[in-house]
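First chain written, first letter: the chains are A, B, C and D, and each begins at residue 1.
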Amino acid sequence: MNQPLGKDDLARLIAADIPDGAYVNLGIGQPTSIAHYLNPDSGVILHTENGMLGMGEIVAADQADGDLTNAGKQPVTELPGAAYFHHADSFAMMRGGHLDVCVMGAFQVSADGDLANWHTGAADAIPAVGGAMDLAVGAKQVWVMMTLFTKGGEPKLVPSCSYPLTGKACVTRVYTEVATFHITPGGVRVADTYGITFEELAERLDVSLIRTQ
Amino acid sequence: MNQPLGKDDLARLIAADIPDGAYVNLGIGQPTSIAHYLNPDSGVILHTENGMLGMGEIVAADQADGDLTNAGKQPVTELPGAAYFHHADSFAMMRGGHLDVCVMGAFQVSADGDLANWHTGAADAIPAVGGAMDLAVGAKQVWVMMTLFTKGGEPKLVPSCSYPLTGKACVTRVYTEVATFHITPGGVRVADTYGITFEELAERLDVSLIRTQ
Amino acid sequence: MRTRVTDALTAVTEVRDGDTVLVGGFGMAGMPVELIDALIEHGAGDLTIVSNNAGNGDTGLAALLAAGRVRKMVCSFPRQADSWVFDGLYRAGKIELELVPQGDLAERMRAAGAGIGAFYCPTGVGTPIAEGRETRVIDGREYVLAYPIRGDVALIRAHRADRLGNLVYRKTARNFGPVMATAATLTIAQVSEIVEIGELDPENIVTPSIYVDRLVEAPR
Amino acid sequence: MRTRVTDALTAVTEVRDGDTVLVGGFGMAGMPVELIDALIEHGAGDLTIVSNNAGNGDTGLAALLAAGRVRKMVCSFPRQADSWVFDGLYRAGKIELELVPQGDLAERMRAAGAGIGAFYCPTGVGTPIAEGRETRVIDGREYVLAYPIRGDVALIRAHRADRLGNLVYRKTARNFGPVMATAATLTIAQVSEIVEIGELDPENIVTPSIYVDRLVEAPR
């Protein structure tokens, strides 16, 4: 029996699923690590919402250019064929449906593909949304990369999100350490499992699951 | 007594009234000729709606660059400090109220500043509006350059336009061969006359006129 | 998805009868003549063309009109000294005309490309252009509601491209190209020269490659 | 009207108590630190600041907040690892926060600059951001109505300017600068270098001089 995926394995898996030549936005946090596993020959081009296509790798502080950062404000490089644009143009690109894939983290995803990833709803939390809502409505495919369970063991793939939404019915795939889910008009299909059986998964989630034949 | 103005004198007069440093759009047809009389030291910068600030003079066919034209599709030059932009940006500039002055021709202007300059309403005419409606709503000051009377002797400054409108209550000045009118909240003020008395003017127009003290 | 470099005829093979085609250019400046010639050869008809003008002289868009391929023109300024082809078709009742102010034409295509559902525009308030349309007063000013204009295909002309599909334009020939590239399902660009990746300065790209599906080199 | 080249303190003298000030930058990239320092020295207070973030560390926007000059922040992402100044004021109830999604922030300022009265935006539909706002279904998709965000003043940082006020930016420090420049009554730009007229290529100007009222050289 296979094993649950480590964070790097999960990033590698998602990287391999991104189609050649795709224009992709990788959200801040964990999804950023996917870039490291993209095949340079794939022709995948990274978008960063602060105004760039053709973003390269994260660089160390001693190589940092303060004018060149990713959406998480980490210093990055520029690849040949890059292009810079302002924020209205960058978000027109996102909202207008031109990005092939975006990958974001999440607090919760619902069986209908609702996404909650910006606010826990806690009274003392300072809310911050950034570009997540724009990505949620804009990218052709919205993929989520997350752990399937909270530290307390609660499932994060849920019948209905209890946290405030980022976007409705937008998520098409959920990549977790124990399973990959495809959210389809027919329901939630388990595409792969890692170190867990379909039956165990079905028991731990309060969501109807479809088995891949 | 002074004389009615020739076309060149009228263009020279309007050029002199444009404030130093103003950003100006000169409409196709007669207003284009105003550019010729702008003082190079005035710092006036010409906008052309097909995507340029810093437009220079019209040039002869043998010096023409097919990629560089004014809104009337005549070949022009580029001045130092020019900038090119696309049509959505160009019309955002117009509509957003950033141009100080535009000067357009007109079929009719009403006493309230309504402008009619795109369509005679004739059944067999092919309508064409171009950027006139965008300029009418966008420029801080909309000035009209026209003859005061049609070839048939009908006044073109009227109580209410009979031709289809280009814009409502947008014209602030009307420059003609016999008089300059300022359209103000208080009414139509005659700023200057050329070869005609205020009384003669008042008699030939069906519009209440205010005499400049 | 990755931009494909091809010849003009191959580039336009996906145009279908009945398509809405956005055609760049302001008069002949920025007019993608070689792509239009290929479209004529390709044969698609019953087209709706969105372009600022309705053809000049006998080449480019005028030639497409003359070939009888266009059912409807959406434009701001059809009537020109050299628009005899359109004028003849229009007077003979052989072509429909939808007149759209020039700024609306640009902004409505931008809205299509930017995912905006509709917008309130001050242009044309109180004029025949606003008749029958929804209006609203916002902060004391009246606006007309304008909807996006989307293309099945955009045919545009730029100056140079890199092999990824990044485009730069030349002078006022830029005009509608960058906006149309964002507003069509399939964007086909002809350029005078295709250069290697890295030869265009990333600061100066006007149309990023994401908007360009097919790239055709047409030296001039 | 003509762009005036001046020092930072002179540039900000027209900022008034209670003004809405658009402040460029995404984090520190593009943050007009010297202009903000001048604004602190100038002393205007009770400000509404529109900016993507709510200050980083103790300089720039964070210093303005720390000086107690800001009544309200309009931003998309206040909470950051180094936003301690804002966090403290917010938790103490000493500052208002209006959270706007990042793309709405950009597009609403663009609308202000472009003369658009309002627009239907798909962002935030079905989320708390849409609560109490007008929605409309267009072509089967739901949108929320969004209104322009105008500034009395914009403080932005660009890379180089010519003496006319044309601006070019550098890398992702471009971010909100070009949009904010269009959306304010008075736009003040700080640049690393001012060059002679004609030294910037007209094809590459990002912000044309028409949008720039005051120009301040702040070498770095």
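Going forward, a contact is a pair of C-beta atoms (placed from the backbone, for glycine too) under 8 Å apart; a residue touches a chain by one contact, two chains touch by 3 or more.
For each chain, UniProt lists the protein as follows: A, B = 3-oxoacid CoA-transferase subunit B; C, D = 3-oxoacid CoA-transferase subunit A.
Because the structure is predicted, anything quoted here is derived from the model rather than measured.
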Pair exhibiting more inter-chain C-beta contacts, B-C or A-C: B-C
Whole-Å gap between the CA centroids of chain C and chain D: 32
Whole-Å separation of chain centres (CA-atom averages), chain A against chain B: 54
Mean-CA-position distance for chain C and chain B (Å): 28
Distance from the mean Cα position of chain C to that of chain A, given in whole angstrom: 35
Where chain A touches two or more other chains, by residue: 52, 78, 84-85, 91-92, 94-95, 137-138
Residues of chain D whose C-beta touches two or more other chains: 107, 110, 114-116, 121-122, 169-171, 203
Overall pattern in which the protein chains touch one another (line/ring/star/complete/other): other
In contact (per the touch rule at the top): chain pairs: A-C, A-D, B-C, B-D, C-D
Contact set on chain C toward chain B in their complex: 26-30, 52, 76-80, 86-87, 90-91, 97, 99, 101-107, 109-110, 121-129, 159, 169-179, 206
Contacting residues of chain A [partner chain C, same complex]: 19-23, 43, 45, 47, 52-54, 78, 80-85, 91-100, 137-138
Residues of chain B that touch chain C when the two form their complex: 48-52, 65-69, 73, 78, 84-88, 90-92, 94-95, 114, 119, 124-134, 137-138, 164-168
Chain A contact footprint on chain C (complex, rising order): 1-2, 110, 112-116, 162, 164, 166, 182, 197-198, 200, 202-203, 205, 208-211
Touching residues (chain side chain C, partner chain D) in the complex: 107, 111, 114-122, 136, 138-139, 141, 143, 147, 168-171, 201, 203-204
